[in-house]
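Chain nomenclature is as follows: A, B, C and D, assigned in order of appearance, with residue numbering initiated at 1 for each chain independently.
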Amino acid sequence: MAELKEIIISSDNIKTDEYLVNMGPQHPSTHGVLRLLVKLEGEIVHNVQPHVGYIHSGIEKMTESLSYTQIPHLTDRMDYLSAHMNNEAVVCVENALEVEVPERVKYIRTIMAELQRIASHQLWWCATGMDLGALTTFFYGLRDREDILDIFEETCGARLTLNYSLPGGVMFDIHPNFQNRVKTFIKKFKKILPEYDELLTGNVIFQERSKGIGVLSKEDAIAFGVTGPSGRASGFSCDVRKHQPYSAYPLVKFNEALGTEGDTFRRYQLRIAEMWESMSIIEQLIDNIPEGDYTAKMKGVIKLPEGEFFQRVETARGELGVYIVSDGKKNPYRVKFRSPGFSNLFAINHIAKGWKIADLVAIMATFDLVIPDIDR
Amino acid sequence: MTHEELTAYLSSRFPAAEISQGKQYVEMTVAASDLHSVAQQLKEAKEAAFDYMVCLSGVDYPDHIKVVYHLESTSLQHLLVLKVKTDGRENPVLDTLSDLWPTAEFHEREVYDLLGVKFNNHPDLRRLFLDDTWGFPLRKDYVDDVHIVSR
Amino acid sequence: MKSFFNYISEILRGIWTLLVGMRVTAKYFFTPWRNVTQQYPENREKLVLADRFRGEVVMPHNENNEHACTGCGICELNCPNGSIEIISKSIVTEEGKKKRIIDQHIYHLGMCTFCNLCVKTCPSDAIVMAQTFEHAHWDRASLTKILNKPGSKIMDGVKE
Amino acid sequence: MAFEKYDFTPLTQSIHQGLLENVSPLMTMIIEWTIIGLLYLVFVAVFGLFLVYAERKVCAAFQQRLGPMRVGPWGLLQTIADFIKLLMKELIQPKSVDSFLYNLAPFVVIIVPFLTISVLPFAPGLQSLDFDIGVFFVTAVSSVGVIGVLLAGWASNNKYSLIGGMRSGAQIVSYELSVGMSLITMIILAGTMQISEIVELQRNGWFIFKGHIPAVIAFFVFVIAGTAETNRGPFDLAEAESELTAGFHTEYSGIKFAFFFLAEYINLFIVSAMAVTVFLGGWMPFHVGGWDGFNAIMDLIPGLVWFFAKVLGIIFLIMWFKWTFPRLRIDQILTLEWKYLLPINLFNILLMAFIVLMGWHW
C-alpha cells in the first residue's frame, strides 16, 4: 500500500517531453506551402513557429522594373482568392495622379469586389469544413463558387487571375449578360447559404469544435494587426470599406459585422455574415450602374508625381496596404504591399498555445490563410 | 484628430522631429536614436494613442535606408507616417518596436531579410523568407545574374 | 433533476442538429440529376468558353493571308514578362520608300500570364485572345509560337 | 418454412459426406479448411474492393459528383486497377523504423477481420464456426486490431504516426466498452451468446422490434460505437487527414498500406454484419405478425440476399455519417463515450433486464 502511495505521489513529478513536429511545407491543412514548427506536449500545442518564404516570389522587387499598368496583374498572384480586391489597389495610383474615375467604374469595381469576396469566403468555408473533417462541404462550396467564376470569365476573361482593374478604369466594359447573371446568382445563393448553416454551422460537433477555441482579444487583435473578418470577430472595427471608403462604398448602406468573442466560431460566423452583407451591397448597386465610360482618359505611359502614397483596400482577408514611393519615373521606386495574411499569420502562435493539434488546425482554418499573400 | 491638430500636437510634443504635411497623411521624421522613445510616447500618450501599426516598410536610398511606420489610432481614427533614417547603408541599425507593437516583430524580420536593417533588442532576428547566404534583394545595388533576367 | 433534463435535452438537440445536416447531404444523394461534374474530354463539343476568355494570343489572318500587325512593338513594351518579341525587317516598297515591317511576331506562351495588356494596347488590333486552353505539350519549344503566318503581309488600310 | 429451401446445410453436408467417403477424415478436415480459408480470402478481397468502390460512388453522390468513371463501365474496375497498382508498388521502409514490429503491424491488422468473419452467419447453414460464446468471441477478437494500429504507430518512428496510434488506442479501448455493453443488452434479451441461436430466435420478429425501446437505443449506440471502432469518420482521429496527414499508416506503402486499407473496410463490414445479426435478424426475412401473404412473399427472397441487403444498408448509414459530419477532437470523443454513451448504456441494460424480467419481450 505504501508503495502505491509513493508511486502516486511521484507521478506528479513525471513530466512528458516536449517534441517538435513540422506541420508543412506539405501538409493538408496548411493550404499551401506554409511550414509551422509546432512544439507539442502530447496533443497540447506549446509553441507555433511559422516558417514562411517557400513561395516567396519577389513581387516587390519585380514591381521596381514594371510600369504602373503592369503591376496590377502581379497583385492577382498575391492573394489569388481576392484577386479583384488586390487589383483595386490601383486606387492608390489614381489618387496619386488625382484622376477622377467615372462613376460606372466605381460601381463595377465594387460589385466585382463583393462578388470576389463571396467567392473567397465560399472557398474558405469549404476548406474550413474539410480541415475539420467534413469533406462534403468542400464540394458544395466549390460548386457555388463556380457560378461566380463563370460570371468573372464572361466579363473579365479569366477565372482566377482577373487583372480587371487598371489605373483609371477597368479592362473591359461589363458583359451584356452581367447584370442578369449576377442577379440570378444572388437569387440562387440566397437559397443555398442557409444550407451551409444546416450542414456545418448548426452541427453539434462543429460547435463543440469551435466555440471558445482560440480566443483572440480585441487588444491583441489590434496589437498583432489582425484585420479582416478575423480581427472584426474580436471586436476590432477595421473595415476599410467603412472607415476610409473608396470606389462605390460611400454610396451603399451596409453593416460592418462585428463580434466580441473572438473565438473560432465567431470568426466562422462573421464570414458567413459577410457573405450576406456582400449580397446586399451587390443588390443595391447592380440595378443602378450608371452609363458612361469604363475607363478614364489616361496617358499611354503613367508617371506618378514624386512622393509617397499609401492606400488601403479591404480584401477578403483584411487590409491590403499599398505603399508606393515614386521618384517621378514610369517605374515605382519602391512598392510595399502590406498583406493582411502576413500580420494575421503571426497572431496564431499567441492564441494557439494550450490548445490541441486539432484546435490549431481549426484556428488556422478560420484565419483563412493564403500563402502567396504571406510570402509575396 | 484632423491633420492640423495632429501636426500641432506633434510639433509641440516632439520639437526635435521634422514634421510635415504629406500628400495624404502627416509625416514625421525622427532621428534613429530617438525612435524608441518617440514611438513609446506616440503609443502611450492619450492624445495620440497610436495603438495599431498598419505597415512597416523599408526603402533603400543611395546613402541611407529609410524605415517607414504607418501608425493608426483605432480610437481617434488618425494616421501618422513615422519615418526614420538609418546611419548609412553599411551597417544600418535601429531599435526594435516589437515590444510596443507585437506585429512589428515579423515586419522587422522582413525588413531585415530584404534590406538588411538590423534591429536592436529584437527577440528573434532571423531571416524570414530567404536563406542566410542570400543578399539583400530590395537594395538597389543588388545584382543577381541567375534569378533576375532583364531584357 | 434540472441538470438531468438538461443532459437529456442536450443529447436530443445534438442528435437533431446531426439529422439536419444529414438531411442536406441526403437531399443531394437522392437527386443525382443535379450533379455538377462534367466529364472533360467527352464534353469538348459542348464546351462553350466565354468570348473574352484569355487562352492564348493569336494574330487573325484574313483569307488573303493578311494581318493587321505593323510591327510597332507596343505589345512588346507592354508585356510584363517578356513573352512577346518583335523581329522587324526593312523592305523597299514599290514607291521606292524604305519601310519597316514585321518579320516575326514571336510569342512565348510558356511565359505568358494572360494579362491582356498586349491586346488592349495594340493600336491596330492585330492580336486578339483566343479561347483555346489545351496548352499541354511534350516539348517546351513548341510553346514558342510565331504568330504571323509565313508569307503573310500587312492588310491594306492599316494605319502605320 | 419456405425459406428453408435456401438452406445451405444440405450442400455443405453433401460435400462433407462425399469427402469422408473418398479420403481419410484427416484429409477431409484439411481439404475443408483449405476450401473455407480460400473462400474467406476471396470474399474479403472481392467484398473489400467492392466496398472501396461503393464508398467512392456513395461519397461522390453525396457531393454531387460522379466518382470514378474511367476504368471499366461506370468505373467498376477502378478499385481493381488501384489494387494492382498497390501490389506492384515498391515497399518503402524508412531507415530507422523498428523493422520487425513495422512489418508485423499490417498482418495483425488484417488477421483480425479474418478471425471475426468466421463466426458470421451469412445464410442458413453458411457459417463456419458456431461457438456457444460467439458474441463474446467477436468482441474479444475484434479488440486485437488496435494492437496492430498501435504497433504501426509506434514502430513507424514518425511523430504523426505515434499521435495517430495513441489516439486510436485511447479511442478503441473506450468504445470497446460501448460495443460490449450494447451487445450485453441484447444477450440479456436473447439469453444466449451462440450466434446461430440468436438468429434463430429472431424468426418471428427481429430483436430491434422485440426488445422495445432499449433495443433501439442499444442499436444506435452499437452503430455509433461500431463506427468509432472501425476508425471511420467522424471518429477517424487515428488518420485525421487534415491534422496528421495519414496518422498511423503514414509510413506504409504498397501492399502493406493496402492491408490497412482493406482491413478498415472489412471491419466496416463486420460491424455492420454484427449489427444485422444481433439487432436486425441476420438472414431472417422481414415478417409482420398476421400478414401471412406478405410474409410468404418475403420468404421467397433468399437469406443470403436478406443478409447482404441489411448489411449494405447499415454500411450506407455509416458512410452517410462519414460524409456529413466534421471530425471530433480526441477529448470530445472520450467525453462522448464516458459521459454519454456509457451512462446511457448502463441505464439501458437495467431497462432491458427489467423488460426481460417482466416477460414483455415475447
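The rule is short, and it goes like this: contacts are C-beta pairs under 8 Å (C-beta built on N, C-alpha and C of every residue); 3 or more make two chains touch, one makes a residue touch a chain.
Note that this is a predicted model, so its numbers are computed, not measured.
Enquirer: Provide the C-alpha centroid distance between subunit B and subunit C, rounded to the nearest whole angstrom.
Expert: 41
Enquirer: Could you put a whole-Å number on the gap between the CA centroids of subunit A and subunit B?
Expert: So the centre of subunit A lies 25 Å away from the centre of subunit B.
Enquirer: Where the CA atoms of subunit A average out and where those of subunit D average out, how many Å apart are those spots?
Expert: 44
Enquirer: Which whole number of Å gives the spacing of the CA centres of subunit C and subunit D?
Expert: 51
Enquirer: Name the residues of subunit D that each touch 2 or more other chains.
Expert: Residues 62-65, 323-325 of subunit D touch two or more partner chains.
Enquirer: Residues touching two or more other chains, restricted to subunit A: which are they?
Expert: In subunit A, the residues touching two or more other chains are 136, 143, 199-200, 203, 205.
Enquirer: Could you check subunit B for residues that touch two or more other chains and list them?
Expert: none
Enquirer: Does the chain-touch network form a line, ring, star, complete graph or other?
Expert: other
Enquirer: Judged by the touch rule stated earlier, which pairs of chains are there in contact?
Expert: Chain pairs that touch: A-B, A-C, A-D, C-D.
Enquirer: Provide the residue numbers of subunit C that touch subunit D in the complex, in ascending order.
Expert: 11, 18, 21-22, 24-26, 28-29, 32, 34-37, 39
Enquirer: Could you pull out which subunit C residues touch subunit A in their complex?
Expert: Answer in residue numbers: 13-14, 17-18, 20-21, 23-25, 36, 49-50, 52-54, 78, 80, 113-117, 120-121, 129.
Enquirer: Hey, which residues of subunit A end up touching subunit C in the complex?
Expert: The touching residues are 66-67, 69-70, 73-74, 136, 143, 146, 150, 153-158, 161, 163, 171-172, 175, 195, 198-200, 202-205, 207, 300.
Enquirer: Quick one: which bits of subunit D touch subunit C in the complex? Just the residue numbers, please.
Expert: On the subunit D side, the touching residues are 58, 61-66, 69, 320-321, 323-325, 340.
Enquirer: Write out the stretch or stretches of subunit A touching subunit B in their complex.
Expert: Listed in rising order, the residues are 52-53, 56, 58, 60-61, 65, 95-96, 220, 222-225, 236-238, 243, 307-310, 312, 319, 321, 323, 325, 333-334, 336, 338, 342-343, 346-347, 350, 375.
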